[in-house]
Amino acid sequence: MSGMTTAITPTPKVAAMNETKVSARDVQVYYGDKHAIRDVNIEIRSRTVTAFIGPSGCGKSTFLRCINRMNDTIASCRVEGNISIDSENIYDPKVDPVQLRAKVGMVFQKPNPFPKSIFENVAYGPRIHGLAAKKSDLDDIVASALQKAGLWNEVKDRLDSPGTGLSGGQQQRLCIARAVAVSPEVILMDEPCSALDPIATAKVEELIHELRENFTIVIVTHSMQQAARVSQRTAMFHLGNLVEENDTDKMFTNPDDQRTQDYIMGRFG
Amino acid sequence: MSVGLIFLVVLVLAAAGYFVGRARALSLSAQSGRKLHSLPSYYGQTVALFIAVPAFFVLIAWLFIQPIVIDSRVNGMVPDSVIPDGGARSLVISDVRRIANGLDAVLSRDAIDESALTDGSIDFSSIRGRLADVGVALVGDVPTEVFEAAKAYRQGAKFGNMMMTVAVLLVAIAFGAWSYTWIRPDMRARNISETFIKALLIASSTVAILTTAGIVGSLVFETINFFKMYPASDFFFSTVWNPQFRGGSDLGIWPLLWGTLYISLIALLVAVPIGLMIAIYLAEYASKAVRSVAKPMIEVLAGIPTIVYGLFALITVGPFLRDYFAQPMGLGSSSSSVLTAGLVMGIMIIPFVSSLSDDIINAVPQSLRDGSYGLGATQSETIKKVILPAALPGVVGAILLAASRAIGETMIVVLGAGAAAKLDLNPFEAMTTVTVKIVSQLTGDTEFASPETLVAFALGLTLFVITLGLNVVALYIVRKYREQYE
Amino acid sequence: MTDVSVFGNVAKDIQTKSILEPDARTRRRNAAEARFRLWGAIAVALGVLALVGLLASIFSNGLSSFRQTYVTLDVFLDPAKLDKDGSRDPASIAKVSTFGYTPLIEKALAEAMAAKGISVDGMNAKAASELISKEAPASLRNHVIANPSEIGETVSFDLLASGRIDGYYKGRVTMESAALDRNTSPEQLQLAERLKEAGILTTRFNWDFFTAPDASDTRPEASGLGVAILGSAYMMLIVLVLSLPLGVAASIYLEEFAPQNRFTDLIEVNIANLAAVPSIVFGILGLAVFINFAGLPQSAPIVGGLVLTLMTLPTIIIATRAALKAVPPSIRDAALGVGASKMQSIFHHVLPLAMPGILTGTIIGLAQALGETAPLLLIGMVAFVREYPAGPPDGFFDPASALPVQVYNWTQRGDPAFVERASGAIIVLLVFLILMNLIAIILRRRFERRW
Amino acid sequence: RDQIQIAGSSTVLPYASIVAEAFGENFEFPTPVVESGGSGAGRKKLCEGVGENTVDIANSSSRIKQSDIDTCAANGVKEIQEVRIGYDGIVFASEINGPEYAFTPADWHNALAAKVLKDGQLVDNPYKAWNEIRADLPAQPILAFIPGTKHGTREVFDEKVLIAGCEENGTAEAIKAAGGEEKECMTLRTDGVSVDIDGDYTETLARVDANKNGIGVFGLSFYQNNTDKLRVGTMGGVVPSVETIASGEYPVSRPLYFYVKNAHLDVIPGLQEYVEFFVSDEMAGPNGPLAAYGLVSDPELAKTQAAVKARTPMGALN
Amino acid sequence: MSGMTTAITPTPKVAAMNETKVSARDVQVYYGDKHAIRDVNIEIRSRTVTAFIGPSGCGKSTFLRCINRMNDTIASCRVEGNISIDSENIYDPKVDPVQLRAKVGMVFQKPNPFPKSIFENVAYGPRIHGLAAKKSDLDDIVASALQKAGLWNEVKDRLDSPGTGLSGGQQQRLCIARAVAVSPEVILMDEPCSALDPIATAKVEELIHELRENFTIVIVTHSMQQAARVSQRTAMFHLGNLVEENDTDKMFTNPDDQRTQDYIMGRFG
């Protein structure tokens, strides 16, 4: 039972690399009166790691949350325009956001483990999606997710202790493990390595590499190095606008936009 | 089958439906190799819901309609001649019902065959005695028509029951089977069952609306009657409350409203500070052990019957306040006073404030406390400036609940504050509240269709409208000051 | 005061503050802290003190109702009086009313006194027989009707002593008060003392208090809480089964699903307002809707239960909503983020976290419902009921009374013996309340956690 | 429904429950259910209509009113029997250790009325102590706990004490002379000397207990159960007792009633038996348990018994 | 009244640079049974930036929280050993943790703004410590703190909107501003730049530089570059042990301990 097939409408053919997975057209996001995202148009390719970069508060998280409709939960937030995944408009009234989110997993910027045990934190997703028929399957899923997130060694002896009693970085990895455990098709990661040490970061980057073979990944990061290391495509946001979107190599060597150049060179502000 | 049994059978069917539905979903998915849209249990739930809900619906409708149908049929069999003078048909019909139900007992006790009822092989002329033997008391002898009607009723009920059983089970099975065959791996079973649950949630919240409608409905009619007898302007603008037994009463609402506000205010002045401090202490300072003992203990205060508080007010607090405060201060010598009732009522509503607030305070995330401590705030500063504002909506809810309880209380006011309606500022004076007068006017010895009694309805409705206004204001305030954390 | 920027042009010399010696401001703040904490402790102490005080007065008044004085007599069941035609036919035995049994008891008492050589000056047989409850003939009669074969035999009975005699052994009646009391006399008390010495009169635990039905004003000693306990239990069962799920469901809808609009505002205000509706108005509603419209029977626990359900609902809803509101949004986000549906995120994560608040609402709501009399007044449950209701569910439709009703009724009665019994009933009510809430309290402790 | 359903006055409730209890013991019928909730509500329930979920009997501490009869008629309750079960004496009692009081209605009017006649002038009530009214009354501050206006007892108090007293001490004439109405005789002072009690006699007792110089208005039966706590005052020189009230010497008393819905007589099992049992000599007679409890037996009980047997419906109110 | 000079008991000598400000002796920390910090001995110098580095979960935050007794708020947490600031033992029963925390400020790993307006978030500390006599003083303090944290430009128009409605990085800077506004003597920063873009990071680093002139700063960071840039001293934690503490230059060029070397080279795990 592979995680691949949790699609709303199962994707019949396996998406080839570089095919568009997510596409956004003229997306506008408002928080009440505040216009947080303006006219964003972007194609996110399948089996590719796309990095979102940009100064703090420019709308990266906001746009990311649009992709799995997590913005629905903020009362004041309004999304306009069109975002589609596998050519299906996700803001179509017929779309079940739940299914969408099962397909598009998310790691939040602030680690938010459930006030439950470490095991339950990771097992929750697989459980509600019926990914494990037996208890032992579940154990396996949890173990492998924790391993992928590089947390297994630290917590394997205390799977029953509360997830909220972990260190900041551990919580972050726990949330990564939790998202990975349901094997979504698209994984949105909002600064997944912000609280991680270089080694843990390396492990997560390795995980991203690994996941890329089968999944589409969008990652928000403040580290240019990280963006350069893990992503194939990079999108640069500034003040709610998508300034530039390009191949990562190109972006970091020869950006089209002046602002990108400035930002990468650390010449902003 | 009895209703209870049918109910059980449907439940069992639903449970069975759950398992077959689940199994079918699993096997279909295994066969077709397609993944299920939802967890298998949701398919089970869907089938179970399809079995249970329409069936229960039919059951309830049937239970509602069958008596009407049978009654109307039996009604036709009872000629006017057997209805006693001045009596009512409905009473004879209930006699019929009683006989019909008694017959079952007679048959089973005397081991008589069902057929004996119709072929006349046994003498049923002594039916009254036989019924009395099985504990069904009748008034007089049973006229043949009534007995026949009873038999018909029994037949009808039996038949109806049978039909009901059949119908309910049929519906259950039909819908179950249909939903069973409907199962596909891509069926959105979770959404179906969730839509269903959501409908239940909505239905539950309409209960509140219905209750309000019911209250208004049951008050408004008699209120109109009241205003036909007593001028509304006097009711709303007169400052004298002086009902008289033989009419000619003054029924101005102001003294009562004033008493209500005054007493509730004092009660809140007692309960809110104490209750909030208790909540804060238990949530923030007390050890787990103290908290787990003190909280349920204080909750018992809400469960002590109000008469105990009333007597406490009457016997202890009232004379104490009179002897040590009112008389020395020259503020009167009444042992029952607004202050007495307010104080005692305040004690009673402490748990409403303390327990609910305690839960809310406890739910404020630790990271907020950390943030404040980290800045060098003391615990009390943290509580006052960070935690309470964050917990405000819940705390206001708790206070409103306490206030509501204070407004609705009678016994403490009767015993503590007396029954005299007065407009006075002196807290050592006896006064009374709207609620007390609703109860006393409604349960008095005055004739019902007099303004003195009907005023209770007008008081109830007015109070309802006033509290509604207060609640609107409260809602507005809470909305304005609400702080969402995280 | 000139330099308000935080570190701008501050002198490079920073004087450090000692943490061992608090400065004046800190001392002030710490004093405020200590005061605040003290206020908290005082508040808790006040609450507990109030409870302890109230409980002490209830217990000191009411514990005595758990004991009862009995007179043990050998009564000759005289066939000449009880079964005149000698047929032992239950129908003819039943013809003898309780009035016919009184002489038997008088005689038995006189004989017992004679046998033990007890006599008190100024007592005739009638005055002596006033020691025995008016309930005695009825219990005798019931026994005889149940066992007609014992007619003609001498059977030993434990008969209730009358209320005043019982009160003498509980300190309620004294020789001095008896002298003033129209219903007893010091001689009767002396006689009771003698009977006690002779072992005829005993005071012991009163099981009947928990099982017997109410009794009329003339027999306080026979009254019990059986019907009331059943009635309250039935009603609470209904209230719990209906109000908890309904209340939680309504709260979930309003807090989590309902769109923010006029209509939901209306519901919200409505619910808050329902909490402020005096309970007697719910009685008016119950009378109009459940009895007059729906045709449910008078005085029945089903109607009482429904009315109390409507009355408790606002409490539970308000508590539940506050608790739901207090659950941090990040928990919901986390669940939604792994693909849980809203319903799942609520039932799996939010509801367990809100559980303490929900349980508190339930505890308080049920406490209120259990102690309420006013709405029952209008639906006919504030009544003198002596027949036990049948077992559930049929019993829901039989007349019954309730614990607070019994308290209310007894406090209104003339005979002071009822005051003691009312306090006893309050103790039973509180025990009932605590038992009922125990599960909720334990559950709440388990759910309580901070995150 | 198997049992008889009774509603109404809480004054009649004790008697009704004594009878109901004995009825349940001695008859094969279940013990009737006796609700309390006030005469007015009881009569309203009686008149709600005919049928299983309406009551069979309404107890009442005052006579039924025309409006109730009209409601009954409108709801199809055509025939009602009025059954007078006896009389309820109303007594004035103070704390047992206090002084003796020998009242007259005039004293009470002087003590409680808003306006009294003093030195031939109609003035606002100046009296603070009983002996200011009449020198041979004790020198105690005036404080009276009288039934609230919802009580039937208050009606009797108004009529037999206040109005009687008003006439006795000449205030009535003065009021009339000043162009006022008789109603003003019943207007009470509002300075806290006269305290309305909306609760029951136990509350009055508790108040007398808490205010040792207070005088409470009680029912005779309540007083008889608490002779060790209360000292009863005489009225017009007569000590209240079952005998003096029955003979009419003691002035303050009122009849108690219950009303039976005739339409239910043949359909509610035991109803007729209950009604007859209630007024039988065994129960309501001078030596019966009701009298022992303080009900003043009706001298015309035999007439009532006959009427009950014949199921005579009540005629028009006179 | 400058924030600096509210001291009432003046310590006679002025702390010179390189003088010991905080010193820890044999500190042990337990969470229930878990031994999270073992035998830590460290001297943290005055007017110096000390960086704590080490893999996630090694106890950096735990130790940091010991320094201003924030661990007191965790019921299961037990601290043994001795930590003193200005030679005063902070675990002395006579010590008032409130005053300690006023002196030792903290920025938490997870941004935790109060559910109040942005202004109130920053004004909270100065208010409780009575640092501003007038409203205008307070305005100045708030503005300058927000400026220092590099947030002023982004929020100056919406000081009244809730702090919880900010982006992740903005929240983090808000928390820095909040801590800085009370001008403590020691500032503990737990990964203050984890959610910040390079420019914002640079701004915070600049702030740290500036603060160093007068204050003692301890910063937890996962970025070796950052540690190298801002700190003079570096302490390396590993599995609850303080592995090495040294001048930053030395640490990054020629560490004494093998584990440090491995960690810095990214050779762990």
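Letters are used for the chains, namely A, B, C, D and E, taken in the order the chains are written, and counting of residues starts over at 1 for each.
In this section, a residue touches a chain if its C-beta (ideal position, glycine included) is under 8 Å from a C-beta of that chain, and two chains touch if they have at least 3 such contacts.
For reference, the UniProt names are A, E = Phosphate ABC transporter ATP-binding protein; B = Phosphate transport system permease protein; C = Phosphate transport system permease protein PstA.
What you see is a predicted model; the values in this text were computed from it and never measured.
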Pieces of the assembly without chain E, by contact: one piece
Set of chains adjacent to chain C and to chain E: A, B
Chain whose Cα centroid lies nearest the overall Cα centroid: B
Pair joined by more contacting C-beta pairs (B-E or C-D): C-D
Centre distance in Å when chain D and chain E are each reduced to the mean of their C-alpha atoms: 82
Length of the line joining the C-alpha centres of chain A and chain B, rounded to whole Å: 48
Chain B and chain C, separation of their C-alpha mean positions in angstrom: 18
Averaged-CA centre spacing for the pair chain D and chain B, given as whole angstrom: 35
Junction residues of chain C - those touching two or more other chains: 29-30, 33, 329-330, 341, 353, 377-378, 411, 451
Junction residues of chain D, two or more chains touched: 1, 10, 28, 37, 41, 52
Contacts with two or more other chains, residues of chain B listed in rising order: 190-191, 311, 365-366, 378, 381, 442-443, 484-486
Each pair of chains that touches, named by its two labels: A-B, A-C, A-E, B-C, B-D, B-E, C-D, C-E
Residue ranges of chain D touching chain C (in the complex, touch as defined): 1, 3, 5, 7, 10, 13-14, 16-18, 20-22, 24-26, 28, 30-31, 33-37, 41, 48, 52-53, 55, 96, 200-202, 219, 221-222, 224-229, 282, 289, 292-294
Chain B to chain A touching residues, read off their complex: 34-40, 188, 190-191
Contact set on chain B toward chain C in their complex: 4, 190-191, 194, 197-198, 200-202, 204-205, 207-209, 211-212, 214-215, 217-219, 273-275, 277-278, 280-282, 284-286, 290, 292, 294, 296-309, 311-312, 347, 350-352, 354-356, 358-360, 362-366, 378-381, 383-384, 391, 393-394, 397-398, 400-401, 403-405, 407-408, 410, 434-435, 438-439, 442-443, 457, 460, 463-464, 467-468, 470-472, 474-475, 484-486
Chain D-touching residues of chain B, taken from the complex the two chains share: 84, 86-88, 90-92, 94-95, 132, 136-140, 242-246, 248-249, 311, 314-315, 318-319, 332-336, 414-415, 418-420, 422, 429-430, 432, 436, 440-450, 452-453
Touch list for chain E against partner chain B, complex: 68, 70, 73, 97-103, 105-108, 110, 112-116, 124-125, 128-129, 162, 164, 175, 178-179, 182, 184
